[in-house]
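Labels for the chains are A, B, C and D, by order of writing; each one numbers its residues from 1.
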Amino acid sequence: MADKIRVTVWNEFRHEKNNDAVKKVYPDGMHVVIAKALAAQPDIETRTATLDEPEHGLTEEVLAATDVLTWWGHTAHGEVEDEIVTRVQTRVLEGMGLIVLHSGHFSKIFRKLMGTNCSLKWREAAEKERLWNLEPGHPITEGIGEYFELPNVEMYGERFDIPTPDKVIFVSWFEGGEVFRSGCCFERGHGHIFYFRPGHETFPIYYNEDVQRVLVNAVRWARARVALTDACPNVKSIEPIEPKEVDFGKAGKAGTAPQ
Amino acid sequence: MADKIRVTVWNEFRHEKNNDAVKKVYPDGMHVVIAKALAAQPDIETRTATLDEPEHGLTEEVLAATDVLTWWGHTAHGEVEDEIVTRVQTRVLEGMGLIVLHSGHFSKIFRKLMGTNCSLKWREAAEKERLWNLEPGHPITEGIGEYFELPNVEMYGERFDIPTPDKVIFVSWFEGGEVFRSGCCFERGHGHIFYFRPGHETFPIYYNEDVQRVLVNAVRWARARVALTDACPNVKSIEPIEPKEVDFGKAGKAGTAPQ
Amino acid sequence: MADKIRVTVWNEFRHEKNNDAVKKVYPDGMHVVIAKALAAQPDIETRTATLDEPEHGLTEEVLAATDVLTWWGHTAHGEVEDEIVTRVQTRVLEGMGLIVLHSGHFSKIFRKLMGTNCSLKWREAAEKERLWNLEPGHPITEGIGEYFELPNVEMYGERFDIPTPDKVIFVSWFEGGEVFRSGCCFERGHGHIFYFRPGHETFPIYYNEDVQRVLVNAVRWARARVALTDACPNVKSIEPIEPKEVDFGKAGKAGTAPQ
Amino acid sequence: MADKIRVTVWNEFRHEKNNDAVKKVYPDGMHVVIAKALAAQPDIETRTATLDEPEHGLTEEVLAATDVLTWWGHTAHGEVEDEIVTRVQTRVLEGMGLIVLHSGHFSKIFRKLMGTNCSLKWREAAEKERLWNLEPGHPITEGIGEYFELPNVEMYGERFDIPTPDKVIFVSWFEGGEVFRSGCCFERGHGHIFYFRPGHETFPIYYNEDVQRVLVNAVRWARARVALTDACPNVKSIEPIEPKEVDFGKAGKAGTAPQ
């Protein structure tokens, strides 16, 4: 049998300690709930890592042994060290999968990989969200029907400032009148990236069965298949190159080459 | 008549001062040759900016008055200040066009906007390059035939570590046996980005008529049409939202909500 | 001054003649209202063509003199002759723009150019639609704000069976709970194609100011810039090819070439 | 263990019967060589089908039991019945994979799924081709290095008139001076499509080990995961829709609604 997919579930893990409302929903931290949901699958094994651990729990060793990293951050994006962000980016480009959750849209790592601002509209009004499945044949929607609903969510609305995704998997309808590209696939370097909108610190989103199913599917889709480091080598020619003087006159035939 | 397109031609402008072979080809700097070719068009006006000017010549005022920025860097990418790079990125996301030339593939600004490594293979052997035009109906290839040739070039070979471009305009054939995606269109935020491979400090590439024509076309394609700053606003709902208690049980119907 | 953009507004023009409710809204036919809105612009000139004219009004001459074709069909898609559909496809591939409206999603020409089924969900309940502008810097949304609303529409819901668009311009929110990619850009051959969802035969959609503005913008975006016919030529080599015997053994080194 | 992937290898199978040079390379037909290479894998089972069988060997039953169809055609594209082409298209949109080989670029099924002309340049001069691997982390290039070579090929050159591929896997360098996008991924409906350039009737391309490896990989990538038929249903609303008179005045606020 194939080796298990090794997932590292990363969590900022701050408001679960500081805020009673959050603590009530995620008493051991959101990462524990997510990791448990993933590890319930026979082909997935998990570890967790959090902001306040040394190197944020993301040492070279941990990342080298990670096939997919999931990322939740919210109030402390600025405290993630740039060196660790670059380390994670490097691993993604080499092939590690990355699943960015909800408020992770504003994390350093997501913005660094997208190259854009990643801004959006938002509102906390406990409204209803309906996620429409645009790609029922895609691995990420296996077992998901035409749509699924979340009864109480924080709203995220367009325009979401991201590069055009390779594939938009879910588009959300919100009770308050907005829409959002809630499941977006990207490839960067050799790594697969999935942005998944659902999530919140006081609404129990990560206990939801459909959300958990999407996370499991996304882990399988994003799992690292290679670990390739792209260098910038000076190479020899394969075919013979005819020796010749550089012909400034010819190259500059349409302009005027300087004397 | 419409206002002219305001182009700022940026150049590292180092080896033209330090290296006699480069100085011979570009005695006043590469930026002067590029700017002159662009400014020969009735709808384009240019200014130049270089690394060793204060703020690299890219003050807030200059960028605010720039519709398209062209970028050449080679040996001193690391000396471009991060603050200026972020400033340029912000302007691109707001709508300013960016044309990245040759060794600019490894510039901070291009890598920041792409989110990838932007590595490639390279070789200096004065070999022949033939750029095939894959998009003869695209504005960037106006006036360009099925292909054009450069007699003596530095080779760049695949794999070019970039996100899948929105459009590949040119693919190069090299005498030594490689291929390369030599003209690539991207959109990031509201800005248009064109990567154009041709260029070198001792081969007189920017005097070439076809290269100049592509640069002019690319400037027109990439010109800023808007200046939009994306924020992340907290918004009110448009539709009424039914007041309701957060139903932890319902949201967590498939899992087990914590007590 | 540049030549005007020549638009041919095509309409099935059946229910305006057969159905009193439709006749009341579009007494002279929907094409007349659309053409009038477009022709009000100084840079656009229009003609109209309808199903029951000879060759559906789309002769070789008319198409050769058309920069952008707009297409409305609804109840008589099957009556459009295949030969004319192929003629229109050929012109699109050569560079003519095509704007497909509302129920035109099921027209022969749109399905032929997409290669897919182009199916969707629908409902007539006079509900509200809000079109969110995902690309405020795109030429098609010039003058359009963050969203615009239509008070009474026929709903179209996902999944819309189309190839992934090059760019999704609008996503609609519907009162009844669905979402839809309501403005989609494609390129096929050398032609630009825009699918625009709004439209109906009894709701007065094409009198709406925002809808008209989008149509004008789309015409400008889609206008033909070239007229290129792609052939499949047998070509001579540019570089010398070394004469050699076909080496079956070498080519088949990994398999076993037959004797 | 998972069920095997069921591949139907389709071949026009004409010139192997009529032409001695072809017969010498593929005495039992090209399909037999391809099918044998695929069936050597433990997870793949094959059947073959050819043009001159009833229904071209592609009955409803055969297609329903096919996860991936490979297609070779060359001199008799016009003899493939439109009804069968539509049947194959329907199955691809439902989820069946399709691998189009070499001269299949001009097959009815490929052109129908692409919506474009699919033309290209070509030359038979037994020249060398080098296929550069642009996506070393993609499943289709598993086991393939930076490039592979074919010593004697028919050349295909750009511009290849296809919609922009989702992913370009290989770009070819040709001895005679051209380039080509030789491995292209598309998704249409729920089906995965891979166009693979290598192939010829007298050069023994399908005996080549690297070509066979790519075919095996492509079969695994393209295998049907779903069988979904998209209909165009009239649906009820999920959310309540406020009953209201159609407000012609409001909808037409910016124009003038007819009386």
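The definition used in the following text is that contacts are C-beta pairs under 8 Å (C-beta built on N, C-alpha and C of every residue); 3 or more make two chains touch, one makes a residue touch a chain.
This is a predicted model, so every value here is computed, not measured.
Student: Interface check for copies chain B and chain C. Shared numbers divided by all numbers used: above half gives same, below half gives different; which is it?
Tutor: Mostly the same residues form this interface, as more than half of the numbers used are common to both chains.
Student: Taking each chain's centre as the mean position of its Cα atoms, how many Å separate chain B from chain D?
Tutor: 34
Student: Any idea how many Å lie between the Cα centroids of chain A and chain D?
Tutor: Whole-Å distance between the two chain centres: 31.
Student: By residue number and range, which residues of chain A touch two or more other chains?
Tutor: Answer for chain A, listing residues that touch two or more other chains: 130, 136, 157, 159, 164, 166, 177-178, 189, 238.
Student: Looking at which chains touch, is this a line, ring, star, complete or other?
Tutor: Topology of touching chains reads as complete, every chain touching all others.
Student: How about chain D: which of its residues touch chain A in the complex?
Tutor: On the chain D side, the touching residues are 95, 130, 136-137, 139, 142, 166, 189-191, 225-226, 228, 238.
Student: So in the complex, which bits of chain B are touching chain D?
Tutor: Chain B reaches chain D through residues 130, 132-136, 146, 157-160, 164, 166-168, 171-174, 177-179, 181.
Student: Would you tell me which residues of chain C are touching chain D in their complex?
Tutor: Touch residues, chain C against chain D: 24-27, 33, 37, 89, 93, 106, 112-117, 119-123, 125-127, 150-152, 155, 157, 159, 161, 163-164, 166, 175-178, 186-189, 202-210, 212, 230-239, 241-242, 244, 246-248, 250-258.
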